[in-house]
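Each of the next two complexes has chain A plus one more chain, namely chain B in the first and chain C in the second.
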Partner chain A sequence: MQLTINGEERRVAEVDTVAALLDHLRVSHQAVAVMVNGAIVARERYAEYPVKERDVLEIVRFVGGG
Partner chain B sequence: MEPSQEVLKVGKYQFTSRLFVGTGKYASWEEMRDAIEASGTELVTVALRRVNLNNPAEPSLLDFIPKQVRILPNTAGCHTADEALQVAELARASGIGDLVKLEVIGDDPLLWPDPVDTLKATERLAAAGFTVMVYTSPDPVLAMHLEKAGAAAVMPLGSPIGSGRGVLDTEAVLRIKERVSVPVVVDAGIGGPADAALAMEIGADAVLINTAIAKAKHPVAMARAMRLAVEAGRLGFLAGRMAPQPAASPSSPVEGMVAGR
Partner chain C sequence: MEAPQSPWAFSDKERVRRLVALPGVRRESLSKLASARVAIVGVGGLGNASALYLAAQGVGHLTLVDGDAVAQHNLGRQILFRPEDVGRLKVEAAAEALRRLRPELGVSTVAAPLGESNWRAVLANHDLVLDGLDQGLPRDLLNRWAVETGRPVVFAGAIGYEAQVFVVQGGRPCLHCLFGSVAEVAEDCAVTGVLGPVVGMAGLVQAQEALKLLLQVGRPLVGRLWLWDAFSGSTRILEVPARPDCPVCGAAPTAHKG
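And then the complex of A and B:
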């Protein structure tokens, strides 16, 4: 399926939820935050929150900063 | 009172260390961890950025932050209240808590805070239940507005971020301190231990330091130096500095001098 993730268009395996996408991308579910089409997804909802063709996602995490 | 026995309250959070530190610009995460430990801090700032999908398994910054240290996500890089709100909400959604260091920049070369959107964002974040620590220009009236808008702490810059030029206007910090009841944290511009001690000695409630530690030749040693400086400055403030005098005043008795030749 075709998704836009962190500003890049990517072709990824068919996934149906945020949790499945994170697993597919091998991104830890811990201490990341996810936005789908501008809506922030609560961590508790990763396993149920749907990911659909052409969705635009942001996957962020903490880095060093002041 | 010894500084170590005092408690600093920021919203519902309590700290015994009055040194807050950033986690940016370190040569390695091990060095950052060692500096955090040497600083004795209980609160560190972090930034939120996109995951590198080409290296998703890289170690997490959070693994290098000691467990007893609280995390303060920042909104660095944001230029509008809307952007800052989104970053703060994302940070909270990650499960890190409700603390946020609000930073809305209005001028990039100076990294100067935008007063208008900083105030708007403070209102909205406070209404949304965040504990908002606000990076601000050292303006006493703006500080009063920020407190009214719900800021849990106001954090005037001492000099531009990363400049290491110290607290250029101590009067400005004092004016803010006299006008708000929430903690005043000098954030940005501290270059050396003397700067940190000065900020604390004039009555700042805490200081937030990143570059001065991370970019010192020996960051871990500098972290310890900053810890001592903050404690010395705070104790000096509590002890009550003598008033400056216009003329000399002998410290030794003027009577009982031995006879001269």
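And then the complex of A and C:
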């Protein structure tokens, strides 16, 4: 499917939820911010929140060092 | 604490001369800067960089909070420290370096980590807080302070080649809206590594945002996440909406504007 992730158009395997996309991209579910079409998705909703063709996503890892 | 007498002491008027000419800066804001109390929580790579610029630029009072001692492996990026500081408390060594930089600066030190037992007392009576931490749990406490008081907290982090800065002001959106609880996050520069100037840059962006907030100029990074990737040389800014169901800043009538 075609998605825009962090400003880049990408072709990824068919996924139906945020959780599935993160797993596909091998991104940890902890301390990551996910926005789908401008809305923030709470971590508790990753497993149910839908990802659809041509969605625009931001996936940002929390950077904790100081 | 008393500033030591110095033959080089001169008026802070000279120090802020280049601020006066800036668009948007009013004289009243300059006196606000001179009376501002800023807490820097964590005196590592971020705190070293932000403290230098805030002190030099004329912020009235800095409170430095850190329980650690200077280690040799800090010296590559924690630029207030000298080899002879190794083993000393970071807050002591940093306070001394900052007083040398600007004798008129008010500095107080808290030689303990920020935790559940002390955060309210330590942060009380500050206009603004800078996050210089390298752990998650106390960041959740800074976020609670930001939501409860409405006052600005300038969050930052850096690791590897990456840096982030995010400002919470007026209580929402908050850090929890963005990342959920970060209490469990333990990232270790010892494992991942960090490029000195990247963490320094994040600290300087924090100082820049703090000055914008204190001088009330421009558009601070409130509710916007600034991302810097030095590896690819790219920067982005993400607009972060408040989460209506955020357990920290959502619904609860805690936030009052400060």
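By our rule, the second predicted complex is superposed on the first by the 63 of 66 C-alpha atoms of A that agree within 3 Å, B and C clash if a C-alpha of one lies under 4 Å from a C-alpha of the other, contacts with A are read in each partner's own complex, and residues count from 1 in each chain.
Keep this in mind: a contact is a pair of C-beta atoms (placed from the backbone, for glycine too) under 8 Å apart; a residue touches a chain by one contact, two chains touch by 3 or more.
Note that this is a predicted model, so its numbers are computed, not measured.
Visitor: Counting only touches as set out at the top, which of chain B and chain C does A:20 meet: first, second, both, neither?
Guide: Neither chain B nor chain C is touched by A:20.
Visitor: Tell me the contact category for A:1 with respect to chain B and chain C: first, second, both or neither.
Guide: neither
Visitor: Determine, under the contact definition given at the top, whether A:39 touches first (chain B), second (chain C), both, or neither.
Guide: In the superposition, A:39 touches chain C alone.
Visitor: Which partner does A:64 reach: the first (chain B), the second (chain C), both, or neither?
Guide: both
Visitor: More residues of chain A in touch with chain C or with chain B?
Guide: More residues of chain A are touched by B.
Visitor: Identify the residues of chain A that lie in both the chain B contact region and the chain C contact region.
Guide: 6-7, 30-33, 35, 40, 42-43, 58, 60, 62-66
Visitor: Which chain C residues qualify as touching chain A in the complex?
Guide: Where chain C meets chain A, its residues are 42, 44-47, 131-136, 139, 156-159, 162-164, 177-180, 182, 184-189, 192, 194, 199, 225, 227, 236, 238-241, 243, 245.
Visitor: For the complex, which residues does chain A have touching chain C?
Guide: 6-7, 30-33, 35, 38-40, 42-43, 58, 60, 62-66
Visitor: Quick check: in the complex, which residue numbers of chain A touch chain B?
Guide: Chain A residues touching chain B: 5-8, 10, 25-28, 30-35, 40-43, 58-66.
Visitor: With touch defined as at the start, can you tell me which chain B residues reach chain A in the complex?
Guide: 22-26, 29, 32, 45-51, 53, 56-57, 60-62, 71, 73-74, 76, 86, 89-91, 93-96, 161-162, 188, 208, 210-211
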